[in-house]
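Chain nomenclature is as follows: A, B, C, D and E, assigned in order of appearance, with residue numbering initiated at 1 for each chain independently.
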Amino acid sequence: MSTEVHKTIGLVPGTAIYTGEKKDTKVTLEVFDYTKAHIEEREIDTIAEVSGLLEDNSVTWLNINGLNDTKKIEEIGKYCKLHPLIIEDIVHTQQRPKVEDYEDYIFVVFKMLYFDEENKFKAEHLSLVVSHGWVISFQEADGDVFDPIRSRLRNDKGRIRSMGADYLFYALMDAVVDNYFVIIETMGEKITTIEDVLFEQQTDMDYVAEIQGLKKEILKIRRAVFPVRELVSKLEKSEHKIISDKTQFYLRDLYDHTIHVSENIEIYRDMILGLMDMYMTTLSNKMNEVMKVLTIIATIFIPLTFLAGIYGMNFTNIPELQNPNGYFIFWGVIVVVCTILIYFFRRKKWL
Amino acid sequence: MSTEVHKTIGLVPGTAIYTGEKKDTKVTLEVFDYTKAHIEEREIDTIAEVSGLLEDNSVTWLNINGLNDTKKIEEIGKYCKLHPLIIEDIVHTQQRPKVEDYEDYIFVVFKMLYFDEENKFKAEHLSLVVSHGWVISFQEADGDVFDPIRSRLRNDKGRIRSMGADYLFYALMDAVVDNYFVIIETMGEKITTIEDVLFEQQTDMDYVAEIQGLKKEILKIRRAVFPVRELVSKLEKSEHKIISDKTQFYLRDLYDHTIHVSENIEIYRDMILGLMDMYMTTLSNKMNEVMKVLTIIATIFIPLTFLAGIYGMNFTNIPELQNPNGYFIFWGVIVVVCTILIYFFRRKKWL
Amino acid sequence: MSTEVHKTIGLVPGTAIYTGEKKDTKVTLEVFDYTKAHIEEREIDTIAEVSGLLEDNSVTWLNINGLNDTKKIEEIGKYCKLHPLIIEDIVHTQQRPKVEDYEDYIFVVFKMLYFDEENKFKAEHLSLVVSHGWVISFQEADGDVFDPIRSRLRNDKGRIRSMGADYLFYALMDAVVDNYFVIIETMGEKITTIEDVLFEQQTDMDYVAEIQGLKKEILKIRRAVFPVRELVSKLEKSEHKIISDKTQFYLRDLYDHTIHVSENIEIYRDMILGLMDMYMTTLSNKMNEVMKVLTIIATIFIPLTFLAGIYGMNFTNIPELQNPNGYFIFWGVIVVVCTILIYFFRRKKWL
Amino acid sequence: MSTEVHKTIGLVPGTAIYTGEKKDTKVTLEVFDYTKAHIEEREIDTIAEVSGLLEDNSVTWLNINGLNDTKKIEEIGKYCKLHPLIIEDIVHTQQRPKVEDYEDYIFVVFKMLYFDEENKFKAEHLSLVVSHGWVISFQEADGDVFDPIRSRLRNDKGRIRSMGADYLFYALMDAVVDNYFVIIETMGEKITTIEDVLFEQQTDMDYVAEIQGLKKEILKIRRAVFPVRELVSKLEKSEHKIISDKTQFYLRDLYDHTIHVSENIEIYRDMILGLMDMYMTTLSNKMNEVMKVLTIIATIFIPLTFLAGIYGMNFTNIPELQNPNGYFIFWGVIVVVCTILIYFFRRKKWL
Amino acid sequence: MSTEVHKTIGLVPGTAIYTGEKKDTKVTLEVFDYTKAHIEEREIDTIAEVSGLLEDNSVTWLNINGLNDTKKIEEIGKYCKLHPLIIEDIVHTQQRPKVEDYEDYIFVVFKMLYFDEENKFKAEHLSLVVSHGWVISFQEADGDVFDPIRSRLRNDKGRIRSMGADYLFYALMDAVVDNYFVIIETMGEKITTIEDVLFEQQTDMDYVAEIQGLKKEILKIRRAVFPVRELVSKLEKSEHKIISDKTQFYLRDLYDHTIHVSENIEIYRDMILGLMDMYMTTLSNKMNEVMKVLTIIATIFIPLTFLAGIYGMNFTNIPELQNPNGYFIFWGVIVVVCTILIYFFRRKKWL
């Protein structure tokens, strides 16, 4: 929980402090520069090497992996004339998703979601800046979801190479939102698994822990995804000069997808709440079964034990005891009593 | 659950990929062309055969069954000058209901709901495009709810033949929404059935599964129907040139129906949530009954067994044992104790 | 439940089909025609007999009882130049409450609520059409809530005779809404009755059925009343020429009443949900009591039985058995043990 | 419950019928007439005695105690030219709080809340009419919350004597709203009391009744207070000529107070709902404890009784019985078994 | 609870009454006067000593610690020409957070939150007044969260010295909101602690008390923080001449932080509600375990005791008793029965 919280208390506003967990990542810069006709791809060391690319007529995509080297990030920020508060937001990994319009560029910050190798939910911080002719993406670590876009760029697949930086910007966001569907699909499978286990009347306390875990995960996913919906809606309605009419159209489609994800999240939230009810029901069912066994045993044997106790008494004059067939009659009575009781339990559907 | 999720991750936006389950349906094209005076009805193989019909003064209804042959769908799309994103939505069966206004046509996508032979809830993807003088409907499989409209067209019943394509468009939507009433009626019956069973104190774990199933079904129905309400409301308020004032009026009526369906869905959702409570209550009631039986048996026989134990002791000097009527007095005491206990249970309303 | 649902699936929109249950009612037409100075009251057979009354300067109230004879209703509709969709709504008893403004008249449809002789909740369909100088009311069956208005008309009580058709229209609606108060009062009594029973720790399964019944009733009442609130609010704010400023004022008052009813409904809904909780609490309480009895009995007698068992053993050498006072000492021990246990139960507040 | 409901069904709208419970109050009229310089205070019998006071330059406050004499109220209404519907609202004690703007005056009706001697919640009906130079207050019974205002008037404390009738009007409302804080403070204490009792594991059914009672009280308070919030907000925003800019300012402050009260009510509502959960938890806890005692006793003594039963058998050849130390060995075994079981219960934290 | 409530009932509006708990604080006045070039810092005794500082071109920050000396506060208010209602709000510690625009200054009142030494949640009342060239802050007691700002002022760190009074005003609010993150972090830890304890199946009633305590704390935090969100939003959108465009920008950032805090509060609220469910589940689980132990013991030993009882009977003719190996056969039977039962329990997963 503690990592969810703001870590920059008491600092001057606008101070760039990396608040994430990947402190040792080597920051790398990857550049794509393309027009319909050509494409160039390389890795650079300092921002200065892009010189000329941002201003020319080609579209330039600068992808930065690793946010821990705040000095380098600040350098990039200065080179591209980004506002200091933006730099703070880029490295402040607890920042909630938002979009901000500036005169010359649009700044978007949101989350890339995934389940790590141990199947634990993770949210990675991701920022995009789009301007005329260039897009910069900042992400925490190397493994990203942009490979399909890289390959579309390299192979000139679809319309990406023939459109501007705003379409690239849309395509990057679309790749991330597409990934949200993977996340909710995994959630759906987790829910189904637990549901199946509960129907088989498993009631280990572990399942409570798992259900609680799911609840927290869906809350985190919700917190990461819901603001993205508003964000895309804002972008779609924004009339910023950078977003062309054609791209606006694709943003409408993207908005549709974020709604779809949000609806699924709400449904899963409902279902997870239902899981807890189911757990309680299963528990009560088991208790009922346990009690029935106890009651049946006790109801049959306690009266019989009483009867046996009677004929274990030492009264001087107990006529039945003298009867030579007394013992066998006694067993006969017991058989009759048992039969009646079993009939009674049958009628009550306890057996 | 998994089929609910987007299957086109990583694809170029605008790619037509059929995501439904009916992959082997043969795509068929059915054409109705009518004015007040005449009507023509035939099946065609390629879209080119409608040539001339779309442009003339008659109303043309083109109904396409089967969405799996995406190439054919794309052909139709191109012939009618539909936007590529529309084609994607037509075959993308997980698309949520929506309406989109274009310059020359209106595009609507929503769901046809039904229970299949095994009584499982199914949602079939359905798209409508309306323009001046023609309507195209795209549906996943053959069995549809448009037969009453076909017969009204053939027999010139009602005002359908004398009105334009927009009225046909309304009539098709109306047919689907009318069908929603059948769905919610079935849901109502399912709920009543389970309610009756629970009142008879049946508490098999199976009913929990069934209640959970109902909960999921109502969630799915809700997800299919609620956006239709907004969609119709948008259509009703839209001032698109294709929708005439007269039809606007009928759309208001349709909107009323969608509200009616939505209200019923909300009520059923409440009732299904109540079912789980009832199940728990029934369970607790049964437990109570079991416990009462146990307590009555134990409370009567445990003290009696103790008494019998007393006179089974081997102390050398137990005066009662020497009494020749001791045994009979003992039975007398037992009868008295039982009587008192039974009276006590009666007063507590346990018997 | 099933009667709640639309029964006109597959029909041409605008077809008048009576969907209610009172199929054998004889349709009767009752006419009141009045000015401040005179009043005339009679029953007529066909709509043609009102000829002249609608157009003159007096106010005419035409009350139709029985909706099953759709042909007659259609005739009336035609005579008064009502839109076909209105005729459909008048006889379609599942229509939800709504108001519709037309050029020359206002159409309102809503519900008259009552509990029948078996104390079951019923909603009767009621439509009003108001125009310049006349009001037509359509209701399903004879027994209505308009008697106070008839008597005010006859006796020239209040301001009703001196005001126009719009005031009559208001007065009719007011009579129905006034009746809603009777309904919610009855609901309040039903709730109090069950509450009292539950406090007396009655936990028969029947009460669950009754609580569920109340829940459904309040849902139905809610569905009938809530749209009326909006409807009156619309009327109040409408600037239709038929509603005079003076009547607007009374509509504001009526709106106030509908809010009052709605608030009560919400409160009762909360209370009914609380009843189920109370039922569960009562159940748990009873279980607790049962368990306490069992535990007290078992805790006292099981150890004593053990003790008695000890001295029933047949070891050759049990010194206590030889003691001539052994038996009496044994009883002494038992009394001491019982006293201690009872003290223990007292301290735990179980006795 | 029944007194909550409208009692004027079937009456002519605008009929003044007193619907409260204080039918025998003698109606009294109290007059304050003041300017900055002088103040006059007297009781009058008929409204005619105020003649001249309302029209002059001084501020006149007419306070009417008792609403049951509707004729007198109507007289006052006529004298001050109040609309008949206002008179109806003044005496109709079930009227919900509202404000109504008229040309020459503002009419406000709301509730004075208090707990009576038996600590039962009561709401008293209160109406205010403010015009140029005068305020009339109508209340059900004598005991009111206006004494601080009377004393401020008499002693010329604060700014009340130097300001107009609108400030007096504000001051009267403020006095009532201030009183709401007393009500919610009492509610807070009631909740804390029950909470403390529940933590001490008291689970008498009485507490359920008390919690239900609290729930109903908070619902009633809510219904009385929430409309006041809207009402004050309307007044604050109203631009009626009677309310001066200066007073507007104080109304803003009053609005703040009503929000404060409303927030507290919502919090208390949450807490009362939580009480029921706590009750159930306490109940379950007690049950758990009862079951533990039963299980410990049964688990220790049932096996021992079995052992004793073994050696009570009459087999001819039971070697242990012949052992002269058998009895003492038997006790040794029992001590060992008990020790083991107690260790086992300790480990399970049952002891 | 009681301290939450208004304590100024019946007083003249605008009366300054200190309603907090720190009645013995010595009121101190601390002055910072700075421009980019110089800074002066001193403590003063009376407000008159600031003479000249407020009017000059430097920014003056006057920080007042202690609100109990209302006379001194009133003096300051008069000196700075603050409205009497503001003075009332400054010392009225139950005042809810709000912002009020005046012609020459903006007044903000909100809460500083902290956990005291006993880890109990506390809210301290804090007011800010900002005008051209000066800010006054009023707080209840000495320990505040402004030290980072003092040090930034002294060391000319960040942009604070080069900006106006509005930026200082923002910086003070930012310091308080930053502190809210500490509060919610502590809440998060408290929740995790209880969650861990519950997973270890601890069900002491104490935890219920703790969960209830958390619930109340989160309600209080919510009440303190939520209005701050609106307040900052109002400030951000306000176009008051005192707030410069540059600072507006920082307020947008602050608004973002308040949203972040609010979201966390809502999530924690959900989690705390979930804790109660978990507690109940843990309780039920324990009960289940207890019942299983009881049932296993009873099911094994009750039938065996019956068997032993049989052979303790004194019938004259019980053939088995004569068998010299009878006793050993008896033990054999017992071992067989136990084995079967244990196998049965294993299959039911009770062992």
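In the analysis below, contacts are C-beta pairs under 8 Å (C-beta built on N, C-alpha and C of every residue); 3 or more make two chains touch, one makes a residue touch a chain.
All values derive from a computational prediction rather than experimental measurement.
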{"item": "Cα superposition angle of chain B on its copy chain D, in degrees to the nearest 5", "value": "145"}
{"item": "Equivalent interface positions on chain A and chain E, same or different at half", "value": "different"}
{"item": "Centre distance in Å when chain C and chain D are each reduced to the mean of their C-alpha atoms", "value": "27"}
{"item": "Chain A-chain D separation of Cα centroids, rounded to whole Å", "value": "43"}
{"item": "For chain D, residues that touch 2 or more chains besides their own", "value": "280, 284, 287, 291, 294, 298, 302, 305, 309, 312-314, 318"}
{"item": "Complex contacts: residues of chain E adjacent to chain D", "value": "1-2, 4-6, 8-15, 85, 94-96, 98, 203, 205, 208-209, 212, 215-216, 219, 223, 276, 279-280, 283-284, 286-287, 289-291, 293-294, 297-298, 301-302, 304-305, 308-309, 311-314, 318, 320-327, 330"}
{"item": "Chain E to chain A touching residues, read off their complex", "value": "148, 152, 157-160, 171, 174-175, 178-179, 181-182, 184-185, 188-189, 191-192, 195, 199, 201, 249-250, 253, 256-257, 259-260, 263-264, 267, 270-271, 274, 277-278, 280-282, 284-285, 287-288, 291-292, 294-295, 298-299, 302-303, 305-306, 309-310, 312-319, 348, 350"}
